[in-house]
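A short worksheet on the structure shown next.
Note that the chains take the letters A, B, C, D and E in the order they are written out, and that residue 1 is the start of every chain.
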Amino acid sequence: MVNPVVIIAITLIAAFSIGIFQFLGKKFVRGVFWLTVLFDFAAILSIAYGFLTKAIKNPIMVKIGGFPPPIGINLYVDQLSAYLGVVVFFIGAMAAYHWLSRGINDPEPKALVLLLLLLLGSTGMIFTQDFFNLFVFIEITSIASYGLVASNLDSFSLEASFKYIVIGSISSTFVLLGAVLLYKFAGSLNMADISAHINSSMYSGGMLIIISIMFLFGLLIELEVFPMNGWALDIYQGANPAVVAILAGGIVKGFYLVFLRSANYLKFPHLLKIGIIFGLSTYIVSQFFAWKQKDIRRLFGYSSVGQLGLLILAGAFYLNGNLHGFAKKYMLFAIIFFVLNHSFSKSTLFFLADLFGRRRIEEWKGVLSKNKLFGFLFSTSVLSMAGAPPFLGFWAKLFFILAIPKEYFYIVALVLIGAIAEILYYFNLYRIISEKEDGIFDYKGSIVPSLFNVFVLLGLSAFGAYKFFILTGLDIQSGKFLAFITISSVAVFVLGVSRLAQWILSLGMIGALGFHVIKNTSLVPAFNIQSFFVYLVLAGAIMFVFATYPLSKKYSAVFYPLFVFTVFSMVGISVSSNWITLFIFWELMSWSSYLLINQGGKKAAWIYLVMSAIGGYGMLAGIKLLSTGPNLIPSFSSSSAFAVSAWAGILIFTAFLVKMGTAPLHIWARDAYGESPDGFTPLLSGVLSKMGVFGGILTIVYLLPHLSHSDTILYGLAWFGALTALFMALLAIFQEDVKKVLAYSSISQVGYILIGLALATSLGYSAALYHTVNHLIFKGLLFVAAAGIIYRTGTSYLPEMGGLIRRMPFTFLAFLMGIITLAGIPPLSGFAGKWLLYSALLEKRWMFILLIAMFASIVAFMYCYKLLHTIFLGQLRDKYRKTKELPLPLVIVELVLAGLTFAVGIKPNLILSFSEKAIKSLGFTSPGYAYESAHRIVSKFGYWNAYFMGVFAVGSFIIALILFFFAKAKIRKVGQLDIGYSGEVPDSPESVHFGYDLYAHMRRAVRVFIYPHVENTYKRIYNSLMAFVDYTRRFYTGDLNTYALWVVITLSFIFYILYKGVF
Amino acid sequence: MVFFAASLLLIFIGLYAALVKRNLIKIIIGLSIMDTGVNMLIISLGFVKGRTAPIISLKELFKKGTWLVDVSKVVDPLPQALVLTAIVIGVAVTAMALSVVIRMYSVKKSIEIDDFKELKW
Amino acid sequence: MAELLQYFMLFLIVLMLALALFAVKTKDLLSAVIASGFISLVASIVYLYLQAPDVAMTEAAIGAGITTLIFVITVRKTKGKEK
Amino acid sequence: MWYKILYAFLVTVGGLAYGLLLGGISRKITARIHGRRGPTVFQNFIDLIKLLRKKTAISHGTMFFLAPMFRLLGGVGVLLLVPIVYGSSILSNFSFGGDLIVVLYFMVFGCLGMALGAADSGHPHSALAPTRGLAQMAGYELPFLISVIGLAIAHKTVSISGLVAAQQGGIFHWNLFQYPFLSIAGLIAMLGMYMAYPFSVVMAPQEIPVGPPTEYSSTFLSFMFSGRSIFGVGKYVLFMDLFLGGATNLVEAFVKTFALFLIIVFVTNVFPRYRTEQAVKFFWTYPVVIGLIDFIRIFIK
Amino acid sequence: MRKIVAIIFLTIVGLYMLSLFAQIPFGKPYKGVSEHYVEKGIEENRGSNLVTSIVVNYRGFDTLGEVTVLFLAATGLSFLLFSCKCLREFKRIRSSLVLRTATDTLFPLILVFGAYIFIHGHLTPGGGFQGGSVIASGVMLLFLAYRKFHVNHKALSTLESLAGISFAGIGLLGLLYAKSFLANSVLPLGQWNKLFSAGVIPLIYIAVGFKVGAELSGLIADMISTTKED
């Protein structure tokens, strides 16, 4: 354990000695520099390690000059400053390494001195416990950063540096005045001594309040708070990114800690008010201003200023927001994780921006594909900054939201809206980067520092996850499961050398998990709704993974790991025991599915991510409203203990409605399904939307009964489901891309399930559960077939296909059975779902919804015929003469699913037996229908004998065939162009094939329904927001006088709101 | 009270220059005037009427026969010690600012703020 | 004798404020620099009245000497005239 | 159970005969309105026998080959699922198999089969016809569903025999009089189902000769033709049960179905043909409004 | 427009601060830690100049920080102005004869005077900083007088670094011998008002004097002749 003063002394001596060694050559100076930095890092690490392992109990107090505190100056190193010191030195070392590798311009020794003294200044600032000494160290840090910011010597960095100097000297004047006035008021300069003299009653006296405002305002300027952070943004944009990395990554955090510590010593009563006003406004404003940014560095600047605003908010709550017990611990860890996450990922982003060199975002097109390692580092840090689940940012945000007291719900709402805005602009950037571009780009300078940072970031994310599960006392089960998910997907990536190996590995893993879940019932006790969905997910995943092998040749190496990750997170959702674990796995699923869709359509993936972020964060807000109990974690059952405002239910349900793609929230579905990689779409539509259904069931069963006026909500949901079913079917008719037709049809089928849920009767649930399984079967079948067809024909554009029945008979048979099930025609399994739903609706006397539901299924026939005709029937084009049948795995899956539809068609209680058990676990006595005989189902309104219908259909079909052969006619097969076509003999298939816009005549009748009203409203909202943001971000005029003016205006504003004396 | 008001006025004249003047050097002059104002304010905070400077060169300043200095005869030395540092820091900042101005001039041949507004929005 | 000193101090303070206003208002940078140098000189005299000899010497040597010198060098290196 | 299957054969053959007869009568009436003698009433029987004795049958592919079977199966299925005579165990056919919803969906079975066969023939007209058929179906299904749902909710049952039971006891118990507006909407929808003249755009002779079965000939066409007529009879019986209180004996069944047949024949010979979207727009406005009057009355009760 | 808005807000802030300063009594006796500094000032470190004893002994860490600030400014300045091709080449005109002869006589006197100031730092007002700046103004005089006068940068920066290291070294010595950094009891306190008294303070102030002198003259040299040389 090194005496902290030695760190400062040694660095100082080294800095002075460089003055001599600079004449001996660059190598020597670099050696001294690295020696000192490593020594300091080791020293601070040993102190931090001492604190971590409780070897050092109480904070270290070092008297300088031998005099006791109030007389002399002393250093005071507690836990937070030790950890921050480690972060500052680590980031400083990385930035120095990066800068040296990029080559520092000419007088390099002098730059290294500035770097050393910058680090010295910030550590001194963190350690000292004397106000004036704090002022001196702030000056050292500021002057060093003035010099370093200007180090590029181009007009940008010089301008930024000058602005920083002017604003910095104003801030240091206030700090100086504040320090001396504090001495005048309290008699000494030592923080501990002053806080002993001060008690909060003195604040009404008028003197102390102004003195502390002046002092804290001086620090607040350095914290880049909203009205006066123009200078900071210009530094982020203009200065050398290595310097910016240190400033943003370490130094600003030092100012932050000093600000909080001095506010704490001064017992400043209004810290919460200041924290909320400035922290929140900085966060919100900077997130929205970052939307229209063209310069990538300024974008990162806005994001880091926003993060700092969030930190101020968290700090204010931690110190002054009278949190106690769990909330206080959560807030502490939220602050620590925010600081760590921001320091490491932001500095990596700045290093990478420096390496790539170009400023405008458009020029970053396709970086991800050009350089894999660079892309990996960039995406990890962007994901962690935006708060994607397994990374540190997510845990920080979760801790923060949980810790805020409930009466401040408007803060939670605003912070979440800011988070959505953050996701919007970060992943607008990510969308541009992940474009497919050829060519390789290399860079001058080494990637090692960013590699180190990301490596540490990953380690911290694991620690964050571990800490989250320990601290909140959540069941360790889901914590271990989360670890299992990440390890397994990484294993698939690492071990999977070729696609085949990855395919086998992922198959094995899903199989193993399935076996594990079935065998030991610890994960899933009795057969209840959760295990119903676990088996559903696993069965679906096994089949769809099996079908992806032939397609995966052209996918990137990340496909299978992400696939496994999504599947396991879905299992995690269905296994979770309370709302928070549900939310964690939900976010895991959304993010991993986003990354998978991003392999295909970039813009589609972006819209999908924004919509699921809106849903996800809405859910988090809803959960916040529910949070009860000491550890603020609402479990499913506990949340039913008291009346809850309708808002909680609605917010939580929106997340599930987004995934189900119900009417107003459906805009992402067509493109996400349409453009996602073909191997993933069956899983996306077959299983992922079912997670929305699972969530819906949980909300309705556990939450809605306790919500005020819950029946109107249910009736409204039923209407949403019905309208989705009808309008999506209508839209599906006019699509010209096979996957887009199937996408709309998939949403409309999920609309049926939503109606089933909204009924909330046992018959309604059995209809919904049956239809969930059935939809998985036939939609999976259709998407697998579509994937195969696209794989063979190379196009997904319907008018270009035709006549494929001759080349792919098995696929046609499977597709036909899939279509018949989709349409719900009796012998096959589709009809049972329809029948259960209609009887449930009849039972509940919801006549209009029944009318719309039945009419929607009639409309569904139109696109069923369209799909069959344009793909398989009609004229076979010449280029498809030699296309072979689909690859074997696909055909196997198709036929298995087709067989399943027939088997279930004949004997529906293959599924119904499972759904009965699931419904009983939901607390219903009977499943709403009865078995009269072995095969005859009777509901209150009607009856239906599945077995008889199957036998009758097959039997009479065979009889008709036999009758046909009795007829004497000899069958003669004729060529495809041999048709009586108004006397002409057609020469080419194209001239006679009718495949484009089959329902043109229908369009005139339904024009008003299929006009994209919803999409246009979304576009209009987005564009007007963009225009508004573009106008308001002109606030930062770049004019130094205006910046200084805003500083004075903010000071007068603070005086006005806090000091009631003079006016 | 006159000294307080005067130094406050001096600070605000300096600040006024930084807020209004378009010439970079004029702004730095404003800043240095502000520094002088602050220093004067601190010194006047530490002044006590009718007492001498904190240099103990005469015997009378001691309490009878001891090495303890009679507090009622000496002005408060601490603010003066602080101002010593503050003046030097003021000079350091001004030197830094002027070097940046020289560099700005060599890049853009002008020292008006209007030519240095590229970093914005 | 004491009031005389006080009136002199009052005069010095008023002089300083006038000089400050002049330094800020004037168009010619060189005269502004000299005015600010003169302010710190007057300030060092005021410090003497305020019984702070150390600070007076520092203010004189550094405030008046070095600062004014740096300003003069910079003004000569750049345009020297405010637009 | 075995005697049920035997009776099913009898009913099918009887239905076929009755259907062909009705077809012949309607051709006779149309001719007479046009002022010409028109073919014998048994013309349809002659055509069927002619088709069956054809030597060769041209086939365009497997789906083309199977379509007539689907067509026939569809027609027979509808006929057998609907009880012709209420109460008699013989003539209630297989109505124990499923309720009204099953019948509704089974009706589509035949049409979908025919549509696929037509599409597989490769002939553009026959591929176009099903799109018109499905579009028009979306049209007339709305009023039909309104009437069906209305009746089901009113009588608290969806099984056809249950509906018929609810209408027993005198003329005024028939749905036609209990819920007049629903019945009118249902009957207008019936016009659409028969693709009778105002809504015959699907089989429009001038534009697309006979629509889907353009490419069909000989045995395939015979199956197609018989399926169509059995399907027609099945629909008459269904509408009889829904709106005219079903039949207690066979004679009453013949009378009521013939009455419905007359409605169809008179309407077809008077109106010109609608384009598809005109048909859809017509169905979605007038019959829907009429149906909704009773629908809302039931909804409120 | 900008002037009016600036004045309005400056007056608002000014009024608030004025309300504060109105409550602070001018010229009233102080209390708190200064009483200790004054009362025990002589007893604890014998130096008659209390301000110097505070600056170097009680709050020595501040001075260390402050010396770093000055070193930082000098390094930063030379870093920025290293090879600055400032076009308006600073033509150093020939100085008048009077100035040259005055400088010849005055320069050594100024050096001696500067040395006097920082050696007697603990006795008479003034100290390292004031002495250093006096020396620097002497060097400035040389620059004004002789056009071709150039400072040997290598010597200056070595002197500066050595002085800095010795200051920090004395601090470390304190840590070794007297258990706390910058402790004064490394050397005997000696007699009040004698030259060799007040423990380590004179040594520190001499080191500071040299450092400030070398630094400021290096600073001025950089500012004036910003062309690359030797």
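Keep this in mind: contacts are C-beta pairs under 8 Å (C-beta built on N, C-alpha and C of every residue); 3 or more make two chains touch, one makes a residue touch a chain.
Note that the coordinates shown come from a computational prediction; the quantities given were computed from them, not determined experimentally.
Shared contact partners of chain B and chain E, listed by label, are A, C. Shared contact partners of chain A and chain E, listed by label, are B. Of all chains, the one whose CA centroid is most distant from that of chain A is C.
With respect to chain B, maximal separation of chain centres occurs for D (centres as means of Cα atoms).
Compared on C-beta pairs in contact, C-E and A-B come out with A-B as the pair having more.
Of all the chains shown, the one with its CA centroid nearest the global CA centroid is A.
A separation of 51 Å divides the Cα centre of chain A from that of chain B.
Centre-to-centre spacing of chain D and chain E amounts to 109 Å, using the average Cα coordinate of each chain. Spacing of chain B relative to chain D, judged by their CA centroids, is 102 angstrom. One finds 54 Å separating the Cα centroids of chain A and chain D. Across the assembly, chain E contributes 2, 6, 10, 13, 17, 24, 33, 37, 49, 51, 59, 62, 65-66, 69, 72-73, 76, 80, 86, 125, 127, 129, 219, 223, 226 as residues in contact with two or more other chains. Contact with two or more other chains is made by residues 52-55, 58, 62, 66, 70, 73-74, 77-78 of chain C. Residue positions of chain B touching 2 or more other chains, listed in rising order: 2-3, 15-16, 19-22, 44-47, 53-55, 78, 80, 82, 84-85, 88-89, 91-93, 95-96, 98, 100-103, 105. Applying the touch definition to every pair of chains gives A-B, A-D, A-E, B-C, B-E, C-E.
Partner chain B is touched in their complex by these residues of chain C: 10, 13, 16-17, 20-21, 23-24, 29, 32-33, 36, 39-40, 43, 46-47, 50-55, 58-59, 62-63, 66-67, 70-71, 73-75, 77-79, 82-83. Against chain A, in their complex, chain B makes its touches with residues 11, 15, 18-22, 24, 27, 31, 34-35, 38, 41-42, 45, 78-79, 82, 85-86, 89, 92-93, 96-97, 100-101, 103-104, 107-108, 113, 116-121. Put simply, chain E touches chain C in their complex at residues 49, 51-52, 86, 88, 90, 117, 125-127, 129-130, 133-134, 136-137, 140, 216, 219-220, 223-224, 226. Those residues of chain B whose C-beta lies close enough to touch chain E in the complex are 1-5, 8, 12, 15-16, 19-20, 44-49, 53-57, 62, 67-69, 71-72, 74, 76-78, 80-82, 84-85, 88-89, 91-93, 95-96, 98-100, 102-103, 105-106, 109.
The touching residues of chain C, when paired with chain E in their complex, are 52-58, 61-62, 65-66, 69-70, 73-74, 76-78.
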